[in-house]
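First chain A sits with chain B, and in the next complex the same chain sits with chain C.
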Partner chain A sequence: MSSAPLLTSILTIVAGIIFFFLSFLFEWVERKAVARIQKRVGPYFTGPGGIFQPFVDFLKLLSKTEAISKGTELLFYRASPIIGVTLLTYGFLHLPFLSQSPVLNFNGDLLVIFIVFAFTCLSYLMAGLSLRTPFTVVGTGRLIVQYSLYELIFLSSFALIFFQAGSATISDIVRYQMINRPLVLYQPIGFIVAVFSLLAKLEKPPFDLPHAKQEVAAGWMSELSGRTLAYMRLIGNMDYLFSISLIVTLFLGGGSGPFASQIIVLWPIYFLIKALAIALVLSYIEGVAVRVRSILLPMRLGIPLTSLLVVQAVILAIWRMGLW
Partner chain B sequence: MEESNSIKLIRKSPWLFHFNSGGCNGCDIEVVAALTPKYDVERLGAVLTASPKHADILIITGPVTRQTAGSLKMIYEQMADPKIAIAIGTCACSGGVFRGGYNVLGGAEKVIKNVICIPGCPPNPRQIFAALKKLYENKLEEEKNDGGSKLTKE
Partner chain C sequence: MGAVSLPKSDGTTVKLVPSESIVDAVKEIATTHPHLVGITAVHADSNIELLYSFDNFRGELRHLRVILPDKQPSIDSISGILLGAYIYEMEVRDMFGVNFNGHPLPNTRLLLPDSYPAGAPPPLLKTVTMDQLMKLLDSVQELQPPSPAIPITGSSRYSAESVVILPFGPYHPALKEPEHFALALEGEKIVEARPRIGYVHRGIEKLAENRTFLQALFLVERVCGICSFHHSWTYTLAAEKLLGITPGARAEYLRTLVAELERIHSHSLWIGLLGYWAGFDSMFMWLWSARERIMKLLEMIAGNRVNKSYITIGGVRADVSDEKLKIVQREIEEFKKEFKKISEAVMSYEPLWERTKNIGSFTAELAISAGAVGPTLRGAGIPYDIRKIEPYGAYPDLSFEVITEKGGDVLSISTVRVKETFESIRIIEQIVEKIPSGNPVPQTFFMGTSKEGEAFARTEPPRGELYYYLRGKVGSRNPYRVKIRTPTLPNLVLAAEALKGYTLADVPLILTMIDPCFSCEDRAIVYVKGMEPLMVKLPRSVPANLSLGCPI
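Moving on to the complex of A and B:
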């Protein structure tokens, strides 16, 4: 019994370090894939195939001096990266990445995800509004509208999973998928809606309105520099990896696959392959899409996605009724 | 020039910020051509940033006019240290054909001390890539110390 806290803390550190470095790997995959789709090469000279480029970017920003403007609210400016990085790493510990059982788990820990996303958004807002210039105010305003619209859709698709699996505990949902089939086969519409709204949540093209370059400079990131920019970019990468891992866990059955129950090593490998597949799908949309007009954001995309979710819920309800 | 760690890292991930100080857009198109498929400076890790506070390298195109000199100085001051300025095109290097005009101050060196110059009207995107590649490999050293400016040719 006494070794359990020690094992948990070791696993926490290992998972934290893996999460930190994987987030850079995923940025590299994304940049490389988008470049390939646009017939470019992408990062090439730094490391084999440019694989160290995101990490070198991070180190460079850490070593640069910070240009802090007069009037910056330093409490917000300093606290925002800490909140974001800490909570996203904490959230990742609740996902079954290393093995079937997550490092940390308790009854109903799907709700932790809601808190993690809320605080990630809060850290963006704090960083954006720490200095109120026209660019940051417009950028943060757009961020709030986009986030509140699409995170609602994203998290609603998880509500459908809760209805089907009958549990709000992540490890129970994974077990349900291992006993039956991955939930993407039961809820394909919900899966598509979740992946699509993920793009809006992560501010990737076509939903990069909060930092639309030609309109609002760098949006809410305009006034960040040096260390803070490095960590806010890291939060972006971590958010990307965390959201993808979440979809893999909830829709694709985590790292389950052939022989995964016999050979323990296969679990993280399958998990990573599934996560990379989703990252490539997202990169493809990013590479070919152009930015949506801000008026189309709620009307043409928000309403159809919501109605698709309603359709999925109705189908699910009918299916459950038929089963009873 | 003292070689700090930070300068070394800037060479490996040069983030660009583009500023047109009153040019004809010829060089701007070549800068865009350097970013797009055929020359793709992202191979070196270069990204075109949207805010000067994120950037390491200021790319200046066009002669510096009296109207834009203040903006150029302000943008350069907003960039976090250490930083590098690159003047692209003959106009940005010396003023070009507009030198001596009533509204033209001259090259970018009138406002910023040390500028890497890439002459041409407009320079080939290959020259822009070559200059950034030389910067990446730290081979610009031997050509500096002539009047504070560095000249690179292909």
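Moving on to the complex of A and C:
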């Protein structure tokens, strides 16, 4: 989409601010949903239904004294939140949240997603390894293993999308879904696999090994405090929203829906509703999940999801060949 | 029956053994009586008397008594014969300064703080008064660096490159209470684990010697925050035997009622925590919300949720009306329904099985050698339950099953606990039906003096066999010696053994399958330099003419 640079700048700022505040909303949704499953009330004090609690938590952490241990690699420690927040916001601008066309786009921008994934993980690694204590070392080690597993799965499921839509540009994939149908109807298995591997990416149960508190205290987050902790938590929230939005874009047709092409305002509303639905599904899995044993991680995450993707690929190939 | 006065050392059940031949005597006795209940040390008449108690899992106890001089006491270690003995020996070494030759951990402390001076007299000797102990701890200028639990260099079996010593605790989110495990890790695999406890020493055994029999009852209740009633009950059983007092039938039933409610709340607490340790927080929340019903019942009966202070020597402190018993009956039915629903859902949940089945496996032989008790031992298939083999309270009149499971892993122990909860519900239903009438509250609370003699008592708290030893001196208002052997101490030996070969991810589950209660084990003196203003003045011996202001 070729728009004036000024418009792009304004849209960038608007989308960035929306991304920042929406990520707190999604944390609230997740906390409320998990609390309901666990017979608790969840946050309820700040704002209606405690809706502002995650944001207030963030502000409070910002104001806390930061304890930096001796021997911390300050470069890593300071750079990690910057990398994480910047890259995730940049990545979000490539998703069609506000309208059918993303704020930023170019040919083949699906590959930006991989850079964002890699750099988010890198920012965690840098935060974790800036001080090497037993807990951070074990936690970061687990993070690397987990990353190498879900990265492969994501890559493969995107390849299948590319295979069907015939384009690695996000806006083209959305347009393909609007002309035909959302990809979830063509690739249901791929959709399920992507949602499941999201749990691994976001370090949610049952794949919350990198910071499994009963095993490795806070894992790679053990040495963080104050504003760095606030920003690393923000990165976690942004990662959550970004990944869900990605699934909505690639599998659920973004904000498309009845009358969305006539009434422009409906696009972000539909998008949000779909994203909230996925957040609820994730929260439900979180609520009933038991953490996998670390040595069984490849068995529970890598092998079953990869083989499911192979099945999906075979089905897709047969279907396409029959069509051609 | 639960409490037995020890007969004189005539060679039948209590055998006097010379200190040189202790190893041979233990070897002989362990063939028929393999369960070491505990090693009790008493300092009396310039001697240190060691009492080794053995059980054959049928309640036929045999004891070995060794008398050592209190100057440089030394005896051979029996940990080569019975594995669990090493932790009892460490306790005696810390508290009485007895040197055990051939002990596997010759220089490591178990209970005493590292700041305790090396040459200072051990705290539980009768020659050490409270004032001396305070002065001694005051004189400590700096903390000694703790000796490493697993030496990395020197004669170590591991090369320093391949093994990481991971400190697990004293402050760790998986542990409810402070204790420390040094875990030698090769990658994520554990090759060795050594416990270090004693972070919450309170000196209860020493304090109890400075209080009257009745005051000590409220003190020992504070040994544990979960099985508090069982501690006071076991102490009461021993004291009643020593002092020759019998409680009424209704009192026995009411004691049993509170004890079984305590078992239900402890077991559902643990099963909930099993979910927490496995990374299944919802299970934790569900079970703890169900448990709240039991806590409210306890509050209704005893007026308090945790430290119930319900029992007294000779009875209980308040009767429970029929209306309240009806409420107990109604609420326990509701709890049963709720617990059944939750436990059936979670115990058949495959991901939870994966975390618990064949995790922390141990054999029955290892469990016996470590001296394991309670659900831990029953999870390996040995029906050892003090309620059955040495019935006390109202248990002789009540019918219940001793639950055992084959296997010996986290899952089998969890199953034992779930089934035992249902048995406890059955017991409570029977109590409400059968409870006799009468006055369970004694006319006056015991304020008298002791007789000469010794007695011990055992009960079955939720965690397993609890052992109290009491000695009285004629004409004294205070017990001469109170010895407490909590169930976690031997179970901890087993857990440390079971850890070997498993991964770090399994540590929380294996460590806690024994339902550890570390604070229960810690009964020594704690003292932290710089905390002087917070130190509570320890009470001196209670004067004989002291009247207790309140009617308790």
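Assume the second predicted complex is superposed on the first by the 319 of 324 C-alpha atoms of A that agree within 3 Å, B and C clash if a C-alpha of one lies under 4 Å from a C-alpha of the other, contacts with A are read in each partner's own complex, and residues count from 1 in each chain.
Here is the rule we go by: a residue touches a chain if its C-beta (ideal position, glycine included) is under 8 Å from a C-beta of that chain, and two chains touch if they have at least 3 such contacts.
These numbers were taken from a predicted model, which means no experiment stands behind them.
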In the superposed arrangement, which partner chain does A:Ala217 touch: chain B (first), chain C (second), both, or neither? both
With both complexes overlaid on chain A, does A:Ile295 touch chain B (first), chain C (second), both or neither? second
A:Pro134 contacts which: chain B (first), chain C (second), both, neither? second
Looking at A:Val29, would you say it contacts chain B, chain C, both, or neither? Reply first, second, both or neither. neither
If you stack the two complexes on chain A, which partner ends up touching A:Val56: first (chain B), second (chain C), both, or neither? first
If we overlay the two complexes on their shared chain A, which of chain B and chain C does A:Phe45 touch? Say first, second, both or neither. first
Just checking: does A:Asp208 make contact with chain B only, chain C only, both, or neither of them? Give me first, second, both or neither. second
Regarding the shared-chain residue A:Ser225, is it in contact with chain B (first), chain C (second), both, or neither? first
More residues of chain A are touched by which partner: chain B or chain C? B
Given the touch rule stated above, what does A:Thr65 touch, chain B (first), chain C (second), both, or neither? first
Residues of chain A contacting chain B in one complex and chain C in the other: 38-40, 213, 217
Spell out the residues on chain C that touch chain A in their complex, using ranges where they run on. 164, 166-167, 172-174, 188, 275-282, 285-286, 289, 349, 351-352, 354-355, 503-508
Could you pull out which chain B residues touch chain A in their complex? 5-6, 9-10, 12-13, 15, 36-37, 40, 42-45, 49-51, 53-54, 56, 78-82, 136
Within the complex, which stretch of chain A touches chain C? 34, 37-40, 134, 138, 205-206, 208-209, 212-217, 287-296
Residue ranges of chain A in contact with chain B within the complex: 31, 35, 38-46, 50, 53, 56-57, 59-60, 63-67, 135, 211, 213, 217-219, 221-226, 229
